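Just so it is clear, A, B, C, D and E label the chains in written order, and each chain counts residues from 1 on its own.
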Amino acid sequence: MSGSSTSPARVAADQPTLWQNPILLFSIMAVLLAVTGFAQSWLLALTILQLCIISAIMTLGVNVQWGYAGLFNAGTMGFVALGGLAAVLVAADPVPEAWVAGGAGIGLSALIICATIAAIMLVRAYLNGLLRFLATIACLVAGYIVFGQAFGPATEAIEAVNPAQSGYLGGMGISILFGWLLGGLLAAGAAWIIGKIAIGLRSDYLAIATLGIAEIILAFIKNEDWLSRGVKNVTSLPRPVPYEVDLQTDPAFIELAANWGMEPNALAGIVVKLAFIALFTLVLVVLVHLAERALRSPWGRMMRAIRDRPDAASAMGKDVKRRHLQAFVIGSAICGIAGAMLVTVDGQFTPGSYQPLRFTFLVLVMVVVGGSGNNLGSVLGGFLIWFVWVQSEAVGFALVNLLSSGLDPSSWLAGHLTQAAPHLRPVLMGLILVLALRFAPRGLIPER
Amino acid sequence: MIRVTDLHKHFGGVHAVDGASIEIKTGTITGLIGPNGAGKTTLFNVIAGAFPPTSGKVELDGEDITGLPAHELFHKGLLRTFQIAHEFSTLTVRDNLMMVPPSQPGESLISAWFRPSAVRKSEKEISDRVDEVLDFLGLTHLVDERAGNLSGGQKKLLELGRTMMVDAKIVFLDEVGAGVNRTLLNTIGDAIIRLNKERGYTFCMIEHDMAFISRLCDPVIVMAEGKVLVEGPADVVRKDERVIEAYLGVGRKQAAKHEDTAPSAQGATP
Amino acid sequence: MDDEVKLGIILGFSGPIESLTPDMADGAELAMSEISDSGNFLGGTTVSSVRADSTCIDAAAATAAAERLISAEGVAAIMGADCSGVTTAIINNATVPQGIVNISPSATSPALTDIEDNGLFFRTAPSDARQGIVLAEVVMDRGIDEVAVTFTNNDYGQGFADAFVSAFEGMGGTVTLSAPHEDGRGDYSAEVGALAAAGGDALVVLGYVDQGGLGVIRSSIDTGAFDTFVGGDGMFGTSLVDNLGADLESWYGTVPGSAVGDDNPWPAVADAAGVNHEGPFVGQSYDAAALILLAMQAGGEATSEAAAANMLAVANAPGEQIQAGELARGLEILAAGGEIDYVGATGVEFSDVGEPDGVFNEFELIDGSLDTVRTR
Amino acid sequence: MIDVANALVLLSNFVLIPAITYGAQLALGALGITLIYAILRFANFAHGDTMAFGTMLAIFLTWGMQSLGWSLGPLPVALLALPLAILGTIAMVLATDKVIYKFYRDKRVDAVIFVMVSVGVMFMMNGLVRIFIGTGDINFADGSRFIIRAREFREMTGLDEGLALRTTQVITIVVAVAVMASLFWFLQKTRTGKSMRAFSDNEDLALLSGIKPEKVVMVTWMLAAALATIAGVLYGLDKGFRPFTYFQLLLPMFAAAILGGIGQPIGAVVGGFVIAFSEVAVTYAYRRVFEYLGPEGFEVDGLMQLLETEYKFAVSFILLVIVLLVRPTGIFRGRIV
Amino acid sequence: MTLLQANNMRGGYGKADILQDCTITCDRGEVAVIVGPNGAGKSTAIKAIFGMMGLREGEVTFDGETINGLPPQARVEAGMGMVPQTNNVFPGMTVEENLQMGAFLREDGGAGVIDKVYELFPAVFEKRYQHAGELSGGQRQQVAVGRAMMTEPTLLILDEPTAGVSPIVMDELFDRILEIAKTGVAILMVEQNARQALEIADTGYVLVQGQNRFTDTGAALLADKEVRATFLGGDQS
């Protein structure tokens, strides 16, 4: 939310300084991770790197919307959550009993929805004026009542199937990698519908509308237990990479570890994380490549023109609404993919974890700090801000240890400092954000 | 070419356009003048699809185009410029023009990703056209400048340049002259005349500079209070009592001698 | 042998339950310092704690924090996490892969019972499923057969409420409405309005005492919607009484903790150390940390393997009963090769998957203090 | 007749009074947000935490006064602490402006940068408040909690339904009305107020009219800080203080400001009440109301609840989206920057 | 001693200097007009005089005092008034409030002057309760000039006041400007309607690329063939 029909990039930019060289900045990022590896541990560095990549993918999605098209989507959280839901629907084991109990009812409900929509379309095609309005309402109400008759009992039946362990329909039980695809599609579909409704709104109003819609999506996911298991969470989703425990018990692996002079546990952790990282990197590279191509093409030129002056672009024959919708859908799809990837690496879907601060505003911070309108910039922003987000936790605790090292551990001050330690994290995070913006107000790697 | 019938546009209680009917004939440069707040810009906005009218009808070559969105009108050959220049400020001058032609292959993501050669080919063609246009406008030296850094008059030239990137049927110009240096305005006037003569564009332009209007336009339509007051050739219109009363005024003593001198379109045309 | 061993404490110091966690951490650290100070632990090894923030909700951040504890700080075992979601993430992505024991003091999701943990995960809070039944019995026994239920909208609250409602209705009771509330919000008029309209003789609040649970009860008392309140373990704590004072008239519920009767020394032990034991899960945190260290002592080394291998033996009979504040004695017995049956602050008794098998105290507010009236 | 009275009392007790109180609190918060937006032209994410900061100061002062044995009789002592807390918050906010925001203002950066900077400030304040006062729930309302209790009301009137009225509710409403009225008077009628509106409209031109920008900025921050502190203290008195809750208030406050038309003070007020009422009224179970109003012995089986309370948060946003679709710039036509 | 002396100004927005040694002066009761091609730096010069951008070199004195360091609002207090070229109204305030803001520094609130402004611009009077943002281009321009007049400054700076206004209003405006000048106010004006402006100008400046190219009386400049051809639109008449 900002007064932001002013384009994200400003005119009359000063020339990029040496500091804004992408190669240099990414090297610094690599050094930061390497330092983490040496000073703390490589497992930690890799854990952070995994999420850096996922964050970068999210920022890429937001950048398509905000950086390219100037659309202020404050509903990233909703699309990320939808991506997560998709991963569940694909990878979780199906619950046959639930399907037996309520599958038919759910199918029937879906049919009723379709029938209602068809009826409304018919009504709207053949009737006019007040009658049309009344008939539409009548169809809606009738549809809703009939739907309730089928849907209510069906969901109750499903949720009654072993509620402590399942209580939902489950997924398809296939590889979670397909969930990434479905996550993109699901998010894109939702974005299409939302965009159709909301894309005409201007800057801050679009922001708050999308923010609200994201909350609605989340309320749906949290409360429609039959589909998503709601706040009871779906855990232990299968991985596309081997499990550490399996590696650790594999004699060949143990031997390998011994040959390399490493602990099998540590090596297994590193191998698994590297496998994840390889998968994620592949996605990131493909997406960055496509995004760069798009941005440098006439498409990108058109999008920037639309962002600068939508009315003039429209007068030059560009269908602003359609293009906004396109950017909105693509950006959301990317966020959906990232959401599915996040669930993959976490191994679980916990609707309670979707908070606007973490999944909307932090991602926006990543884009702006990195450099909106610039793909590499926003990727860098994703890396850097996630790194800071995670490491500020450790730094907060370390700082307090340092401060209270000379104190008597039972003294009031020492106790107070210990309590305060976790809250140094947001302080540090805020400080770094403000400092970054002070020295690079247009982002670390600004647009062009 | 354009026929506007009994057009109304109301903003709340303000009747900005209040039953205007005008006709713009193919091949003319039609002037639109009138006192401040007469509803000229609003009329333009309605015709060009910026917002729909309260009532009334707009036709283009006999086809009803009332309320069509701007981008569709563009594809029908109707172009407009803005009273305040609407350049794409973060784009270079070249890109400002490059983005204009419709239906470029590279504007579809699929082609942008998977048919680079087709994109390259069309880019080359458009780029050649841009060079021509910039040459024509005398902006070649600014080709890589960000449009936001141009001065007022240069931005207006750029606005005009956009209309030259496609084969428009009709171009609406909203006060290209305001705030533009008179010498530069003459150049713009020449450009308009050339486009009209050589490429057969039809123009409709709002302007307050009577000398400029007289040099370029025939016929001239005078609006007042949302309605058409008079229509006719420039020198007839400017002698019309009602026009003098509502718009031109009797002229200040000092300025009178300039106002009275008859303009000549050829005067400044090279 | 090291002369210092590190234990990780990973709790949601920031985020939705940030107001509960500092006391929990203090509880765990109390056990650690008790053991350290005794000088009996593995021949004088001292224990230090390393805190980390689980955020309660952000699985990725929690995983990174746990990874930091394990691989960078080199902790021998972990006390935590708190919320079931992040706990699961930590188990799957950090502790089990690295062979580290962790004990959660507060993750109550039934799903954790069956998690593939290689025998490394334990918890000192009971699964919700059992407590729901017990609580239903408590309510029924008081002759109340119509209640409204509100629960915190997470896996704990939802699971607990599911269990309670089905048990209560199974016993012939009526639940007029079972509606969730979100923690961390201030205004609960909408929830209370709906619950009041639904009606009932009592309001069953399955949330956290320092969070939405408090808000709902406060709002109910303010509007006169309900007079009688029933709560689960998350609602146990005198901060409710402190906050609401005499306005709170009828208040009872269940809290895990069996064998310890009224003579439980835990409150006194905590008070002496300046630890606020009134909040939920503080005793469980104390027990979690104590159990890890006692199990290590039993195994003779400060490793997760030792802790995992001896946990059940230390927690369950046979052996000498060890209550809160008696950790030094427990250590001695173990060092001497004896056996102990850890009771601790909450009467720990592990099932064979390493979680309490659910013996509960029925507490009640009598004359401004929370008394145990019965054990079930 | 009795039934009608019962129904009315029921509605007032569970819908009207709580929604009005909550609405007033939201409105005061949203006013601060909308003021910053209108005049400094950015969405201030730190507002929720400014509220927390101000309330924290008020709590410390209240504790101090309580330890001195001060009392206001039935009113909470926090009211005495409020003016001082406002001063403290103003000092903090002005310092923040000088150290942080001024730099960006002088550089005239984009609004979105300001938003991000305010997110940074939000993080910092978020942490600092917790470091100072902790994370727990603090009840600092003393004096008498109730003006009338539900039971007393029942006994007094002989109705079946009770009506409870709390001191803090009355204080909230009275203070909110007074504050809003004086704010409107200030903005519409005083020279400074007009100069602030002018500054918000066109900063450069305001300079050319002789308006001192730094003064406008300063007054704006002072007003925002005062509004934040008042809103925070009222909210805290009524519902208890916890930093996390204040942070969570940010979203409904933004929703209120935007729903009403951002940059429009009157919009913020209306938006606050609309959000509060939609949360409470849409999810209320009307069964008993209908039973009172229906014929004798009339029984309703359902709860007569339009939407379940789990969708309460979504309700306000659904409403918001609907309003925006009908009126794309909010109820009172907010500014589009 | 002249009222306004802006000597050898040098400065710009970024690194490059837009103004290169530019000098402008204007005395009480005098009308000075700046003309020049687009992008010459006319508006920039005016902004510099008004303290809206820093100068690298040069000195601005007003009423004998150096005012280089003063912020714009202090210059308003000192008796300078200005109408910018663009964004010259408060769009969200009514027309009447716009005018009142012009009198922000006047103790009396400008009650008397406002009638004079309404008299001058009847169109403005009709729209006085409408938001300035809803006015047509020319109506806005009138409000903008009216606002600046409200201060009753001793130096009135106008950046293209007649851009977009109809001929009849333009004539009125020039008449009124002359009248104001006669009361002893100094008027500094940038104009693209250069002929009309130079006709009433006591001094005319032709600015090109930030430098004074020609400086003379208005009449003399009008008579200068080169000036006419290159800056005033040639000899069409």
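To be clear about the criterion, contacts are C-beta pairs under 8 Å (C-beta built on N, C-alpha and C of every residue); 3 or more make two chains touch, one makes a residue touch a chain.
Values in this document were obtained by computation on a predicted structure and should not be read as measured data.
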| item | value |
| --- | --- |
| Least step count from chain B to chain C, where 1 means the two chains touch | 2 |
| Farthest chain (mean CA position) relative to chain D | B |
| Centre-of-Cα separation between chain D and chain A, whole angstrom | 31 |
| Where chain D and chain E are represented by their mean Cα positions, the distance between them in whole Å | 46 |
| Geometric centre distance via CA averages, chain E-chain C, whole Å | 75 |
| Interface hub residues of chain C, defined as touching at least two other chains | 14, 18, 22, 153, 180 |
| Numbers and ranges of chain D residues touching at least 2 other chains | 130, 134-135, 308, 310, 313, 335 |
| Chain E, residues touching no fewer than two other chains | none |
| Contact footprint of chain B on chain A as seen in their complex | 7, 9-12, 290, 293-294, 297-302, 304-305, 307-309, 311-320, 326, 330, 447 |
| Chain C - residues contacting chain A, complex | 13-14, 18, 22, 50-53, 57-61, 63-65, 67-68, 70-72, 83-86, 88-89, 92-93, 96-99, 109-111, 114-116, 118, 129, 153-155, 157-159, 162-163, 166, 180 |
| Complex contact set, residues of chain B against chain A | 48-50, 69-71, 74-75, 79-80, 82, 86-91, 95-96, 98-100, 102, 104-109, 112-113, 119, 122-123, 146, 148-149, 162, 166 |
| Footprint of chain E on chain D - complex, ascending | 191, 194-195, 197-198, 200-202, 204-213, 335 |
| Touching residues (chain side chain D, partner chain A) in the complex | 37, 41-43, 45, 100, 103-104, 107, 109-117, 119-128, 130-131, 134-135, 251, 254-255, 258, 262, 308, 310-311, 313-314, 316-318, 320-321, 324-325, 328-330, 334-337 |
